[in-house]
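After this come two complexes, each holding chain A, first together with chain B and then together with chain C.
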Partner chain A sequence: MMLQLSLVSSIDDASYDLFVSTLSNLCGNPPVVFGNFTAMLKPNPAFDIEQVNSKNQLVEQSRIKLCRGLPLQEVEADNAKRDFRLLKKYQNDEVQGLDLQIIQDMLHGSRDLDEMEVDGGSNKGGSGAQDVWSLSISDIPTAGSGRKVSTQAITETTVLASGGSSPSIVSFLSELGYVLDFQLLVLGIKFNMNNGVFLELSKIWRLNDGRTEQITKGGFLVKAFVNVAKSTDIKSINSGTTSLLALQKELSGYVELEIPDRKSMDSRLENKNDI
Partner chain B sequence: MHSTVIFSEKATPASITEFHDILSNDLVSIKEKWSFEFKTYRLTVKNLPQGSSKLMHVITFTNRDNQSVIIKNNSAIVTSPATEGVQPSLTLNGCSAGTLDTFDNLLASKLSNLWTQRQNIKGDFGSTFKTTELTVRATNVFSYGGFKGLLIELECEDDVSDGEFEQRVMKIRHLLDDMLTGEYRVCSASMDPKNRNLICDLAFQYVKVLEV
Partner chain C sequence: MSQGPVPDTGVGVADSQADYDFSHVPAQALDAVRMRLAQLTHSQAKLKDEMARADLPQWHSLQAQVSIILTQLQSLTSTIHHFEETLDSTVVYPLANFPTTAHEGLLTTLLRKKNIPEVDEWINDAKETSGIDINTASHEDIKTALRSDEELTKWALDFLKQEHSNYSYHGFYTARELSAGASPDTQDTYQRAPSSKKPKKPFDANNVLKMIHQGTFS
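Let's turn to the complex of A and B:
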């Protein structure tokens, strides 16, 4: 279990260029372009699931997050052109250049064996039907009025491959008791600031019936975060908090980094109706 | 790549030494020690359709980078808690925070309302023998401290035909027939013969021989 400390904000599309050049100056490095596909799964609603476990402890149902990198060469084939300007093309619902079928194949396993080889090959030397995912469950951020940053615990593991007669991550997770809830696409840039702070600017789309709808239309989500490997490592938590607050102060008056609403970061099943 | 798993409940704790002695004429080398852990989880959901399986197995192999295979029915995934095993594509794209837990941990801490652990079978500090034909791994198996039997894992790294592998396995089985009294369980099956995956097949064979 690790801890993620974070602060968030947003900027509009028009401020993008200036923000990127300001941040590049501040951290001394240009940002890196990244993209990922996230599938959220929820416990099968047909199941009658107990609220307590065998030790009679209360266990709330939480969503599982599956996440995997996007093949960015699909979006922009030229490696040299894959810099922050790439994101300026993406102000609408449409994610140009990305074949959504690839994503469905990632999730459900490609039916066409030849296609699978091509997919594996483009993921840097993967052998055959590699199915690498990050699988995580996050807690609701810790409560308390005295908090200066958001603190969220995340339990994560990596899935290296799927096997069996229908080898796909989704078919395994349905055996585990989980079904697909919603799916997101993220394209963004990431600054590696000092002291272990990362700052991400991202565009987010919701994927629905093979169509994409941008939920960050008109702007970008700004997220500054520090990952702390051990939740008991008070020293790292304190220094991470200090670093985040220093960045918050530095950008203050320009972009206001704030603590995100902890309810909107809650992945428990019962929560969705509250937002 | 082929594999077979053999489990004898009738063996004694000393059988493994006896097995080593019998095998010693054919040994090329003796390799590293190894362990495995076999856990059974049971789905707590009550309103499942009749006849559907409630058991899931998590098999962890220390000698294979601590990878775990999780098997339920005919689906399996391979997971790893090794941080160095995180694919760069995951970290670079903001999917992984780089600190990993085992799948067992995830089940115990987050999904214990769905899954309860039932059984814990272990093989600790087993031996690995290399013969000219096969890699033979043998270990005594314990469940909560009590001796359960002898488990032997046969693996062939060479690219041989199914028939050839079967013959090599038979030679070992003949040795065992002379040595052990009573029946033992053998499984050479693959989860999906059209699409072999060594570690998944191996885990599947563990389930078949250990789960009564």
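Let's turn to the complex of A and C:
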């Protein structure tokens, strides 16, 4: 279980260029472009899961996040042109240049027999690393009024191969009792700041029946975070918090990084008899 | 004519003071002058200290101090001028109970009217550097000398102004380039980023986070 310390904000599209050059100067490196496909899964509602909420036993249903890198060469074939400017053309619902079929192939395994994964070999256009799914469950960020940053515990693992009869990760997870809830596409840039602080600017789309709908219209989600591998490593947590607060101070007056509302980062299923 | 300030502070006997009428002492005028003098001597002492140090302070700090001293001098002269009449008509004398023998030095210093030798030296020095022999020069000569001095100052000021106008102190171009026809309003002129460049918040980050984690907007 690792801890993620974070602060968030948002900026408008018009401020993107200036913000990127400000951050590049601040950290000394240009940003890295990344693309993610995220599928959130929830416990299959067909199962009758007992909702226990007694004094010393509590069963809460939580979503599972399934995440995998997008093949960015589909979005921009020229490696040299794949820099932060790439994101400027994504201001509306459409994700230009990205064939949504790729995502279906990723989720369900290619339907084209020639491109089926065989013996863990790479499929169409994907590099080895992109074939790996990361599976994570996140807790609601810790409560408390005196907090300076958001602290969220995340349990994460990777799925290399489903090993079952189907190459589909969806069918693999359905065997574990989880079904698809909703799907997201993320394109963004990431700055590697000093002291283990990362800062991401991202455009996020929601996938609905083969259509994409941008949920960050007009701007970018800004998220600064530090990952601490062990939740018991108080020293790292403190130094991470200090680094994040230093960045917050550095950017104050320009972009105000704030603690997100912990309820908005809760990926548990809305239980009717919430505690 | 009023009674002078009595130089018996701390020296005279408290009881005997009751016999004298201090109401005519121009305390207000003297206090005002004393205050300004105290400020001035303090500033001057500080400047002198700093000049005596091995590493000189920054020129701008010296300049600031000098300008403070000039202001204080001006304030002193205007105060003295304001109380000129009172101070002129004040005569200072010791009270009868002043221990003259015991504090003769103090008394003679306080009652001295002539300049002290040091001050005389300064005055003579100034006269000598002006290059005019006071004893032989006529009144007209002195006036002419003063006028030429003023003219020199005026010339120096004009020269400075003219030199200043020869250079361009703002923008990216030298005065020569500007006169050769470079437009001062080309695009590479530095522009201060207006405060409107500050990013706006197009959406609430919490809503997006809710969408990421729960698939719904709040």
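Observations on the model:
What we mean here is this: the second predicted complex is superposed on the first by the 249 of 275 C-alpha atoms of A that agree within 3 Å, B and C clash if a C-alpha of one lies under 4 Å from a C-alpha of the other, contacts with A are read in each partner's own complex, and residues count from 1 in each chain.
What we mean here is this: contacts are C-beta pairs under 8 Å (C-beta built on N, C-alpha and C of every residue); 3 or more make two chains touch, one makes a residue touch a chain.
Source: prediction; values computed, not measured.
For the composite obtained by overlaying on chain A, chain B and chain C can both be accommodated side by side without a clash.
Once the two complexes are laid over each other on the shared chain, residue contacts for A:218 go to chain C alone; chain B is not touched.
Once chain A of one complex is fitted onto chain A of the other, the partner contacts of A:80 are absent, as it touches neither chain B nor chain C. Chain A is touched at more residues by one of its partners, and among chain B and chain C that partner is B.
Once the two structures are overlaid on chain A, chain A sits at the apex of an angle of 140° toward chain B and chain C, using CA centres and rounding to a multiple of 10.
Once chain A of one complex is fitted onto chain A of the other, the partner contacts of A:8 are limited to chain C, with no touch recorded for chain B.
Contact with chain B, but none with chain C, is seen for A:47 once the two complexes are overlaid on the shared chain.
Contacts of A:143 after superposition on the shared chain: neither chain B nor chain C is touched. No C-alpha atom of chain B lies closer than 13 Å to one of chain C in the superposed arrangement. On chain A, the patch touched by chain B and the patch touched by chain C overlap at residues 38.
In the complex of the two chains, the chain B residues touching chain A come out as 43-48, 56, 67, 69-81, 85-87, 89-90, 92-103, 105-106, 109-116, 191-192, 195, 197, 199-201.
Of all residues in chain A, only 1-2, 4, 32, 34-36, 38, 43, 46-55, 57, 59-62, 67-70, 123-124, 129, 131-137, 154-167, 169, 171-172, 174-177, 186, 188, 190, 200, 227, 229-230 touch chain B in the complex they form.
Residues of chain A that touch chain C in their complex: 8-15, 18-19, 38, 40, 63, 138, 181-182, 184, 204, 206, 215-219, 221-223, 254-255, 258, 260-261, 263-267, 270. Every residue of chain C that touches chain A in the complex is listed here, in rising order: 193, 197-215, 217-218.
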